[in-house]
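Both of the next two complexes hold chain A, though its partner changes from chain B to chain C.
And then the complex of A and B:
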């Protein structure tokens, strides 16, 4: 009998305790965010979406190499000597055209590893998380701002300049080789004048190894 | 005694039928919305917010429109007639019982002298319709839900009736209007209304038992075994869809209101104003009556989001070995109190 009363007491006490808790929450504030109408204020370093400030990118490829899942795809073309790409806002000289700078956000795992190697701090996360797409290819973000025509022109120019350089280099080589030959001949002559009568073929070996 | 607004004629009968129906329908729409709001607030959410502007008040209407558009699916192997009939019978049972509820000092559907008895008798048809739905669906979940519900309702009807009987012992009348009128005035301790809950300490015990039993009778948590979502899909409603399912929902909410109003009549003075003559009259009495009923409904919702569900054996244990003996002992004690004082 006594234990029955005790049990009922415990039961009712726990029920009323529970009801006290729920009624406190009933009158307490709600934590719901009315999503499309209001949005959460995200912390400063939220990893939500990558952004590249392409004007500051020097095309060093460090970010692409840091990425563990290879979702950054960069193609660079050397700037020809007639153009000056200027400097980044951090003062680094820009030497490459960025003909392609694609980030596949579908592959990205938001590890932030690509952000820190960048010498010009131009790749970083932005707090923008509403970018769902129906097609996965739409998640590849193209950051390069060069027009296709421009890309072709730049590439052509770069090729031409490279070819030109190659030609120049070859010419230089040839010149150098000729000069070396002339020098060799002169040296030979001198040696013959100095050692007239004395004929030692071994001593006349050229220093630069040319036959 | 009671002065009727309406005399008996075919039109009057229609009006008499329409008044409780309107109350039930409006109440069901509000209560379904309120239930979701209460759930939301208790869980620190907001509940429906968008439909209709202010706090999603039109959510139930939108749901209703959705349900009307749904296909009326009847399983191939179901017993077609019984399957179709069960929801309407269930609603009819709880609706019929509203006839004897005194909504206001000047309105009661049918002022019969066996009001309480009629109410208890008619609501037991609910059990039948639930079994009918469960069995006719030809589905294991439905059948299990139906059987559980039958066991539960038959068991809990006993403590309900026993506690109602304790009130009858005090009043000596089965007429709900008379019972309400006996609770008029503010005489207890000089200011408390003459409600039965304040008249006698054993009636408080009776009310507690009554409230637990009506929780079980209207299948509310913690006794919602017939439709326990986590175990039986949706119990006897599993195979129902569209408007038929909505009828079940309506009947369930109507049942909840009916039993709450019965509780308000028996223990909380029915349509009597808590301030004596202040704010009394036909309209205010309706207001107080609905307020009391809806407060009890709110407590039911509040409990729903507080307590977990009982197991079947615990449910039966509570009923047969605690509530039934206690309610009968209580009945005897109340009778003794009445003889002595």
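And then the complex of A and C:
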């Protein structure tokens, strides 16, 4: 009987101790942010969305290779010798046209691994987090600023130059091969002549004596 | 099978499913309960709803560093500790020297994460038993820790902050101050938690003498962390097998003592977590004092990671217990095999042993007290 009363008293007391804490919190400052009306201030290097400063990109593909989920898709075309793409703000020369630079933010896992290898610091995270879409394809961000017509032109030019270079190279190779062949033939001839000379030294002596 | 008693008056067992959409199964866990009336006779946990092939992915990544963001996603409640375990393993494989400043920041981060994880574990445990208020108050505190993490790493939940022999970025200049401020404001909150939940009679009645795990059973099942310590076994990898720089700090290992009932019951496991938070605060205070101000945290990160051929098992103390990584290297760019020894998985396998004979309502308390994270169970 006594213990029952004692237990009841302990329970009663512990409930009111808890209530006291709750009441103290009741008069404390509010911690809730009323989201659409108020917004939290995010640190400036929050990882919320990938951004590419395409003017500084040199098309080195390091970010795409660092990505664990393959959400970065880059296509580059070599710039032909008649155009100068200039330099990035960090001083690296640009040698490629960036015909495609797509980032699929639906795949991205915000791991920050693509940001660190970039030699020109042109890919980075920005604290922008309200970009939901109804269609998933809208989450593929196209960073390349080339028009489709320009892309086609650039590609054609590059192909032409590549073909031209290939042709030149082949020409060169053929010439080299021919020269080598001729040399070989001459060497063979000489060797044969030498051999025959040794075998038949008497008869070939005058010929050998010629310079 | 709905009726418990047949027409002939025989007793019949009833099977019910708890989960996978049950709010107090902490994720997607399905428990198949075989009941005799309201008493549980058998429990069978069904797992695999969150399986994401972590181990296979790790083999296909072509880079040891690319695995780190995946370790985050194993136990998403304590991502820092998961990363810590992995980088410690890789560093041991490469025999790398880690800069002093990096080690201190890592310890501070890992201990803050331990507190954050325990706050969530305790809060959800209370929530399962009907105590809604502590959950909200604890989350307010957890939010402060996440704010510190966000400032340092840029993310709130999955940080990818630790790199092999370094950190992905340096901490912000006011880091030390913020951490010390947090430690100061958090100490009184533990007292508040004790008033509100730990010594609340209703809570004690729901947790004491429930789900008793004797120390021998715990050891046989290879339990670790707060679950093992709740059964009175003094075992903490930070003390017993120090990794990183944990041998420099002074702290105690809180163990359960059966204060409110039997040794190894739900309340013991709960109170071990509460007391561990205090010890974590002690470690953080010492680490903040000892942390060097100067030093490049990214200087020592190797460009290419190619460990020697061989295998290694490295274990660390995560908030849930012994987190081990078994890594086999074949000298190529990606690991030949990565196996994660997840404490949650081990503890979940223990569930049938400790919950037969309990009531259905107590099942919630038992699942809450072993504090599992399904992401880690399934990996």
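Going forward, the second predicted complex is superposed on the first by the 157 of 211 C-alpha atoms of A that agree within 3 Å, B and C clash if a C-alpha of one lies under 4 Å from a C-alpha of the other, contacts with A are read in each partner's own complex, and residues count from 1 in each chain.
Methods note: a residue touches a chain if its C-beta (ideal position, glycine included) is under 8 Å from a C-beta of that chain, and two chains touch if they have at least 3 such contacts.
What you are looking at is a predicted structure, and each value in this text was computed from that prediction instead of being measured.
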Contacts of A:125 with chain B and chain C, given as first, second, both or neither: second
Chain B versus chain C as contact partner of A:134, first or second or both or neither: neither
First, second, both or neither for A:35, with chain B first and chain C second: neither
Which superposed partner A:46 touches (first chain B, second chain C, both, neither): second
Partner chain(s) touched by A:22 [first = chain B, second = chain C, both, neither]: both
A:5 touches, of chain B and chain C: first, second, both or neither? neither
Chain A residues touched by each partner, larger count belonging to chain B or chain C: C
First, second, both or neither for A:112, with chain B first and chain C second: second
Overlap of the chain B and chain C footprints on chain A, listed as residue numbers: 15, 18, 21-22, 25, 31
Of chain B, residues touching chain A in the complex: 38, 40-46, 49, 302-303, 305-307
Interface residues, chain C side, partner chain A - complex: 61, 63, 65-66, 68-70, 133, 137, 140, 143, 150-151, 153-155, 158, 160, 168-169, 172, 192, 195-197, 199-202
In the complex with chain B, residue positions of chain A that touch it: 15, 18-19, 21-23, 25-32, 34
Residue numbers on chain A that touch chain C, as the complex places them: 7, 10-11, 14-15, 17-18, 20-22, 25, 31, 42-43, 45-47, 66, 68, 109-113, 116, 125
